[in-house]
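One chain, subunit A, appears in both complexes that follow, with subunit B as partner in the first and subunit C in the second.
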Partner chain A sequence: IPPSHLFAGLSDVSISGDIAVEGEINVPVGTPSQDKKYSTLDEPVKDTILRDLKAVGKKFVHVMYPKKSSALLRDWDLWGPLLLCVTLALMLQGGSVDSKEDRGPQFAEVFVIIWFGSVIITLNSKLLGGTISFFQSLCVLGYCIMPLTVAMVVCRLVLLGGSWGFSFIVRLIVVTASFSWSTFASTAFLADCQPPNRKALVVYPVFLFYFVIGWMILTFSPSA
Partner chain B sequence: MASPDDLKFQEFEEATDLLLADPGASTLSMSGSSSMALAGATGDIKLDMSDDEGQEESSELLRGEKQTSGFWTFEYYQSFFNVDTMQVLDRVKGSVMHLPGRNFIKHTLQSSPDLYGPFWICVTLVFSLAISGNLSTFLNSLGSPHYHYRPQFHRVTIAAVVIFLYAWLVPLGVWGFLTWRQREERQQSGYSFLETVCVYGYSLFIYIPTSVLWILPFEWLRWLLILVAMVISGSVLVLTFWPVVRDDTKVTAFATVATIVVLHALLSIGCKMYFFQTATHTPVPTLAPNHTAAVLTNKTH
Partner chain C sequence: LAQTSGLINNLRSEDTTLSYQGTGSAVIDMENTDDTSGSSFEDMGEMHQRMKEEEEVAEEAEATEEETGEDGEFLGMKGIKGQLGRQVADEVWQAGKRQASKAFNLYANIDILRPYFDVEPMQVRNRLIESMIPIRRIHFPQKIAGELYGPMMLVFTLVAILLHGMKTSGTVIREGTLMGTAIGTCFGYWLGVSSFIYFLAYLCNAQITMLQTLSLLGYGLFGHCVVLFVTYNVHFHSLFYILWLVVGGLSTLRMVAALISRTVGPTPRLVLCGTLGALHMLFLLYLHFAYHKIVEGILDTLEGPNMPPIQRVARDLPVVATAAMNAVNATVKTLGVILQSQ
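Here is the complex of A and B:
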């Protein structure tokens, strides 16, 4: 179709002279409102800390009631795992020492087991073809130590009343329950990111990881 | 107008020519002569070319899969974890219950080794040794009056060092030795380093239930378990490496196999003796309260 046919109707319109156009053109110079929204340098320190604490606390709640939510994965942070790891390692100190060789795990050993263990499990799941990112996986594994930390607190309280017999049974039950809870919670978050026929291959190292941590908690014996 | 027989004969010749040109190429055998006959006069040349392309492509793929990624890329290591759950379970089963005469590498691995099995079996073995050893020490010293439970965490470190050294250095040595002999004797068959590591890793699996059963404090049972475990895992190793050294001189062959078996025995006996020490210094509590026995116990502590 030749162009003249397309604009056939327009040839009837005649424009003579200038046509006045009204309006306003504003160019925003320096948007102070946008700066205020994104810069957190000027806010009081209390706000910053509270915001991070709220994020960490929200994730703790997600671990307590593990549903298939992506909040843990989307906004990962490593503050929670660090807090839990340090708490657990500190509480595992102060065990009884008969000879220097037969002591329980030192602070550094607990730290190494938790962080190296998490890194190795993450590498394992990525090598098997998982779609989760490195830090997201570290975040999930670290946060799911929380039931075991709670179990450690309970064990220390129970140990105040004696080491053997009833106390041992209570500790065994508490540690077993929390270790199963940890494994179940982390699998709920991690399992979706795996190819379907390799799920067991990824879950087993997680099970072993929490089993070892549970063992360290169960075998903690305070000084006589 | 060529008859189907002529067509078939031509294709076979071309195939042999291709093989002579490139002995390393993989061959695709198409079953059913009807497919070739159906190709017809116009289609037979095309079929040959597609066969060529197919062979070249697949041989390129097979070669490329192992060489395109350098060892600094993530994909290189991902190729070692290319196993499914069922495959790992089959390999574990193959290491425990295998029929005599079946080569673990050729039959169970089917020449696609993985690193998942050896690594996680070693880790599990480290922790099962340390934990079971701790439990057995605890059960041993239950009778003594000065009992105090000791976690003995340093055993984990020792077990880890021993097991990982064995599972990685010994295959390195065996592979190096076999490759050196193979190059000298100009033999064809040989195993890659990964396959050797894989065999050793899976052969250690039987020690996991063995270490748990070692908790039971019966000396004769422990030695019986060592024997059974050594027979099973040793036979996996021997059956795997015998076909390779068989062509060598008699002395070298027997020496190699004997070294493999002896190292394996040293590992199992050493683990048993270190982690599961028998209570030799604590006398068994007799029915009649024996004052001198109690004094002796005090003195040894």
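Here is the complex of A and C:
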């Protein structure tokens, strides 16, 4: 057979009609590294909440005993500050004599003071050359409100027993102690991120901030 | 045809990956100079930017594949959906890019203010003390520090002192909140009067910049802070007037001397310094009388009819605090009576 005839039939291969082709097409979803990581989307809600609560609780402990640890700074979260802020604002609400004319610090006022105060202190510390990040600073300042919240609870309890003579002195002592604790705790975290000769410049606004909050707590008197 | 189009695709994707690598390394180099930790919003913004760039690259690759035509025919309906998907992705990328650049602009604006906060605690302390000492050398422009840390802290301190004064005096604010009023008053004075003085200085050809007026006026508030801190706790009107003249006068003289040294001609000097002096002293007067507790006994014995303009509603103060304040006022009242009799 001549060689040209061997391949002659192959030059026009045409298939008439449709031929069904079966098979599977697999598109790989994501990269292999993502498959190795544990996906937190599938775990039960209880696990997620418990894990977050444990993180928040651990940070509270760090605030109560302010050692120079970086756990607060490394994994910052804003759950704790939100919780504290809302608690404080709820307890400070309604501290007025006549509900018609005068209004004590309202919820929104306390909220705004805490968050805008924190933002301004953060901006100030960044402008002074600090190496801390924006949200880390917010996290630290928010968590260090905890002693003041505890003081608020104590003040309310003291006031529940009626405004007897000593109550003002007791409240003054409690609020002063907790306000200095807050300032000390937050400077233990914040002042490390500053050049050493400028610590006083960063501490002063923090002092003022907690002083204003402490003052709001001290002058709170529940409606009669 | 399929083979050649496949080759072109390969070349194009190589081009895009090369260009991506080129821009990627540039972004990484610039960001390494900043010393921030992992979860800062700057890093998130950068990650965002990189994700958007990756998306753009993927989009371009998709777009070049779809342009070969045969795939479009084969896909049928999917061809149209691909077009829609591409537009939506484009939209999302534009929105994300706008957000990221807005965030970056905010960060950059903070950097603009950075040199004005470059101070040491010793410098701040020295400037606070110097703000009460007028300098008489007016033939040579006096040096005015262009700094914003001290003035800002003084304004916030004034806000805190005002709050204290308003609380202890039982001031009732009907339209608004205590905090809002205090912040509005202090910041309004600082920014508003600084701008007004800068405008007047511009009209009177004085050599002073906006930063310097802000700084000058801010440090002038130190006197106000001292006077208000003392007189909100010790309610003795003559004491307030003495402090108003002495302390307020000293800080006003300091500011006025600084302005005179930078202005030429008697009329511009008079206009500028008269305005500043009047506003500064009147502000202290206003702060004292508007947010301050009246003790009726002292007013009756020592002062005339100096009634403040705002109505007051009594508020329940803690008993001990009132007792303490009454004791202090009683001692001061007896002192005043003794002084008057002499």
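By our rule, the second predicted complex is superposed on the first by the 182 of 224 C-alpha atoms of A that agree within 3 Å, B and C clash if a C-alpha of one lies under 4 Å from a C-alpha of the other, contacts with A are read in each partner's own complex, and residues count from 1 in each chain.
Everything that follows uses one rule, which is that a residue touches a chain if its C-beta (ideal position, glycine included) is under 8 Å from a C-beta of that chain, and two chains touch if they have at least 3 such contacts.
No experiment lies behind these values; they were computed from the predicted model shown.
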Should subunit B and subunit C be called a clash or a fit once both complexes are overlaid on subunit A? clash
Partner chain(s) touched by A:S167 [first = subunit B, second = subunit C, both, neither]: second
With the two complexes superposed on chain A, say which partner A:N124 touches: subunit B (first), subunit C (second), both, or neither. both
Look at A:Y204 in the shared chain and tell me whether it touches subunit B only, subunit C only, both, or neither; answer first, second, both or neither. both
Contact-wise, after the overlay, does A:F220 reach subunit B, subunit C, both or neither (first, second, both, neither)? first
Let me test your reading of the model: by the given contact rule, A:F135 touches which partner, first (subunit B), second (subunit C), both or neither? second
Residue contacts with subunit A in the superposition, subunit B compared against subunit C: C
Which parts of subunit A are in contact with subunit B and also with subunit C? 101-103, 105-106, 109, 124, 126-129, 163, 197-198, 200-201, 204-205, 208, 211-212, 215, 219, 221, 224
Using the touch definition from the top, list the residues of subunit A that touch subunit B in their complex. 95-96, 98, 101-106, 109, 124, 126-129, 163, 197-201, 204-205, 208, 211-212, 215-216, 219-221, 224
Sites on subunit A touched by subunit C in the complex: 73-76, 97, 101-103, 105-106, 109, 112-113, 123-124, 126-129, 131, 133-136, 163, 165-169, 197-198, 200-201, 204-205, 208, 211-212, 215, 219, 221, 224
For the complex, which residues does subunit C have touching subunit A? 35-37, 39-42, 110, 113-114, 116-121, 124, 149, 152-153, 156-157, 160, 163-164, 167, 172, 174, 177-180, 313, 315-316, 318-321
In the complex of these two chains, what residues of subunit B are touching subunit A? 74, 77-78, 80-81, 83-86, 88, 116, 120, 123-124, 127, 131, 134, 148-154
